[in-house]
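Both of the next two complexes hold chain A, though its partner changes from chain B to chain C.
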Partner chain A sequence: MADSIANDFALYLKMVSQSIRSQLQYRLSFLLMSIGNFVTSGVEAFGVWALFDRFGTLGQWSLPQIAFLYGLVNCVFAVAEGLARGFDIFGSEFVKTGNFDRLLLRPRSTVLQLAGHEFQIHRIGRFVQGAVVFGWAVWMLGIDWHAGKVLLLVFTFVAGVAFFYALFIIQATFSFWATESLEIMNTLTYGGVETAQYPLAIYRKVFRRFFTYIVPLGCITYFPAIAVFGIDDPLGSSRLFQYMAPCAGLGFFAAAIFLWRFGIRHYTSTGS
Partner chain B sequence: MAQILVENLEKRYRIAERKPGLWGAVSGLVNRVYRDVDALHGVSFSIEPGELVGYIGPNGAGKSTTIKILSGILVPSGGHCIINNRIPWKDRVAHVAGIGVVFGQRTQLWWDLPVIESFDLLKDIYRVLPLAYRTIRDELITLLDLEALLDTPVRQLSLGQRMRCDLAASLIHQPDILFLDEPTIGLDAVAKLSLRHFVKRQNRERGTTVLLTTHDMDDIEFLCDRLMLINHGTLLMDGTVNDLRSSARRVVVDFEVVPALSPEHLALRLDPGAPLTERVEFQVSSQVPAFVSAITAGYPVRDLTVEHQPIEEIVADLYRRLK
Partner chain C sequence: MNASAGLMLRLAPYLSVVAIRFKILLQYRAAALAGFGTQLFWGLIKIMVFVAFYASATSPPPMSFAQVLVYIWLGQALLALLPWNVDSEIATHIRTGGVAYELLRPLDLYGFWYARTIAFRSAPTLLRLGPMLAFAYLFLPLIGLSEWALPDPAGGLSLLLFVCSLGATLLLASAITMIMHIALLWTVSGDGFNRLMPGIVPVLSGLTIPLPLFPDWMQTFLYWQPFRGVADVPLRIYSGHIAATEAGFEILLQLAWTAIIIAFGYWLLIRGRRKLVVQGG
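What follows is the complex of A and B.
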């Protein structure tokens, strides 16, 4: 078992390195795409800043707090988007073309093969942009750091990547039924990034519930952020809940894998 | 025990009916009508280790559906299938580790990677040990003459070159079963020949079991001892190529005058609808001597020749009659 996981991971690394090498063959294109990715996602940051410059605060929330959420979700999303490219393009490149059969003909899990399909390095543009904003936010906030907070942040980062990765897996699963990747999933992926830039507390109750219990976006951004800020949650959540909340991101990932398996069973029985 | 055992295999596809026009497309969103299509209708056969079997049939007959089920990537609606003591779709990962599959229409290689790196990745995917890999890789490179192609990305290869690489890729893990789905489609004469020689050699020397679908009867004549013919999801023939060949002879008879043939003889004409002339071509499936003596005894005959019908024509004829 452990041996097989190590073997799977070694294969994954090999596929990823293969993918990176082939992207680096076109150096100029890589540079331009990274810069483009940096600029387009950076425009959003500018938008947030412009908003605050005009209105000062957003209720009780300060610009550095918003910037913290903004930087966190952008970094996490950039990593997930770069890693999950195989799932993102699954409908058009694998189902529609029948190329998925090729993956099924190989003695490896389909998740592993799709995960290793492509690692998009130009997503580094969004990551750097998010990291800069995040760094500025941390500096401005003057957070009282201790080991627990650092661990929480690392945990949140991992769970956040898992959360967005899961969204891409769910999107891919839908394409077994509707070949084109659904636009509706974009409202959760890109829409999720936009939503999570602002504190969950500013949204209506029904949205808060949705983004906590169904699509636990708030659990990988808002709740752990409250704990890191060291403030009381206007929504009334406990510190313990805030620390445990990122688990929901991992749970969401597990649910996505389960759904994926179900999709595969559908695919192999309909053969379409 | 048979290496591949197939019993009563059935596959029913559910296809959404498309109505014509924009309105049809819109109404189809709300009220979708499905139609069931039986792709396989109780197909049974068994294949022993080391056999080289041709699997033919018109387009849409059910060949690819069968291959997909045998490869473990499609679950049948009914029936049994056991390959190397496993049910392919129940235990996909273990099953596909022991088979090689080549689809002529679609490459198994990585489009952007040089050929040698594709092989290298396959080595890891199939967990082939480094030493065994080097031996088998070098052997395949020599046999399929791939040396000059190794550093070329797959997308830059010609169809014939790509097919050779695909064939090599399907054998890197040394499977004991090989499924070839239309491997010679679109290839030029030279590429076809080298592919056939390679497959034959692989079968003879390594004892690899091969199941081959094709539309090219020369593939069948060159490669296969055994032939299975499928149409409309039903197996119509399972026998040796020799049986098929000897089962159909063409007898060309020049009569002295336009003959008044008996109904039984009329039915044996190659083209039963054509008007009668002095020359009549018969298609005789068995008992050629008895037929010839009946004809010569019954009618005034000037000349008579018995011809082997090319296998291509026999099969085309079968397809036509099966419609």
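What follows is the complex of A and C.
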């Protein structure tokens, strides 16, 4: 068992490194795509800044606090988006074309094959801009760091990547029925990034509940951030809950894998 | 044959290209429905963010909250007009060498593609417009959220001028999309240019944040750039933020930008054709 996991992981790393090497063959293209990714995602930061310049504050929230949330969710999303490309395009490039049959014939799990399909390195553009904003926020906030907070941040990062990865898996799973990649999932992926840039507390109750208990976006951004800020949550959550919240991201990932296995059983090929 | 009949005869093939493509693109109803769901969600999130910002405003912002609501809902309803993506069929023609056939047609290539582009920009917009307006104008008040609903236009004249301005928006957005199509003739750098557009266009058109809310020192720059004409101008005419008396000038400005960008696109296409290498065998 442990042997096969190690072997799977080695194979995954090999696929990722091959994907990176093939993308680096087109250096100019890679550079332009990274800059494009940096700019398209970075203008959002500019928009947030402009709103603060106009309004001063967002209720009790300051610009550095929003920048913290913004940087966190953008970094996490950039990694997930880069890693989960195989699932992102699954509907249009595997189901619609019938190519998924080829994956099913190979003696490896479909999850592994799709995970290793492509690692999009130009997503580094979004990651870098998110990291810059995040760095500025941490510097401005003067957070009183201790080991617990650092661990929480690392945990949040991992759980956040798992959360967004899970959304791409769910999107791919839906295409077993829809034979297309559904644009509606963008509301949760790209829309999730947009939503999580602002504190959960500013949204209506229905939205807050949805993003806490059903799609636990708030658990990998807002709640741990409150603990890192060291402030009281206006929504009234306890410190313990804030530290444990990122678990929901991992749980969401497990649920997505479960859903995927269920979906495969309902797959009918479109190929001839 | 008099001159106007001759002109109509020459325009006829382009108009039928618009009509045919328009009818084809109206078939993509599932995509429109998905787009509607997405834009609805974005609209609601944006409104909640602006509610929070407006609640903490210390001095009156240069735009009322009702005007922001117009901006958000009409902006979401007209999102497909925004020139941020390309017609994938034209892109495929260029990539696979099909452009050679396009050059053989007894039509002006710019005119032919521009006609296609007008249909490409307008048909998906039209499909999404109805459901969005029904939701934002009729449904929201029904569920007790009238404070989030799309407000009425500032007046009958404003509404009329809004529709005129929207026509200019379609011509301008299609002209900008044409630059993106023509840029594809320069394979690598064109691709890079087209990847920048989805980042730049929403900001400069006002879709990210209503342009009047940007810092005051940026307003002159924001006023004199063409992307304002693809969203900001019609949305502010509807809400009366641009008074009906000034709207005529604003629409002329939209048309002037359209003319400049078409001229630039024409010149670009001539240069692109000269260096064109037909791909594929």
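Here is the rule we use: the second predicted complex is superposed on the first by the 267 of 272 C-alpha atoms of A that agree within 3 Å, B and C clash if a C-alpha of one lies under 4 Å from a C-alpha of the other, contacts with A are read in each partner's own complex, and residues count from 1 in each chain.
Following the convention adopted for this analysis, contacts are C-beta pairs under 8 Å (C-beta built on N, C-alpha and C of every residue); 3 or more make two chains touch, one makes a residue touch a chain.
Because the structure is predicted, anything quoted here is derived from the model rather than measured.
Undergrad: Let me test your reading of the model: by the given contact rule, A:R204 touches which partner, first (chain B), second (chain C), both or neither?
TA: Touch partner of A:R204: chain C, not chain B.
Undergrad: Go through the superposed model and pick first if A:L11 touches only chain B, second if only chain C, both, or neither.
TA: first
Undergrad: For A:S269, using the defined touch cut-off, is the partner it touches chain B, chain C, both, or neither? Pick first, second, both or neither.
TA: So A:S269 only meets chain B here.
Undergrad: Could you tell me if A:L104 is touching chain B, chain C, both of them or neither one (first, second, both, neither)?
TA: first
Undergrad: In the superposed arrangement, which partner chain does A:T57 touch: chain B (first), chain C (second), both, or neither?
TA: second
Undergrad: Look at A:G135 in the shared chain and tell me whether it touches chain B only, chain C only, both, or neither; answer first, second, both or neither.
TA: Touch partners of A:G135: none, neither chain B nor chain C.
Undergrad: Between chain B and chain C, whom does A:S22 touch in the aligned arrangement: first, second, both, or neither?
TA: Only chain B; A:S22 stays clear of chain C.
Undergrad: Under the stated touch criterion, which partner chain does A:G148 make contact with: chain B (first), chain C (second), both, or neither?
TA: Touch status of A:G148: no partner.
Undergrad: If you count the residues of chain A that each partner touches, which comes out higher, chain B or chain C?
TA: C
Undergrad: Which residues of chain A touch chain B in the complex?
TA: Listed in rising order, the residues of chain A that touch chain B are 7, 10-11, 14-15, 18, 22, 98-99, 101-102, 104-109, 265, 268-272.
Undergrad: Give every residue of chain C touching chain A within the complex, in rising order.
TA: Where chain C meets chain A, its residues are 30-31, 34-35, 37-38, 41-42, 44-45, 48-49, 51-58, 61, 188-189, 191-192, 195-196, 198-200, 202-203, 208-209, 213-215.
Undergrad: Within the complex, which stretch of chain B touches chain A?
TA: Its residues touching chain A are 11, 13-14, 65, 68, 71-75, 89, 92-94, 96-97, 101, 103, 106, 108, 110, 112-113, 117, 121, 124-127.
Undergrad: Write out the stretch or stretches of chain A touching chain C in their complex.
TA: 28-29, 32-33, 35-37, 39-44, 46-47, 50-51, 53-59, 180, 182-184, 186-187, 191, 194-195, 198, 202-204, 207
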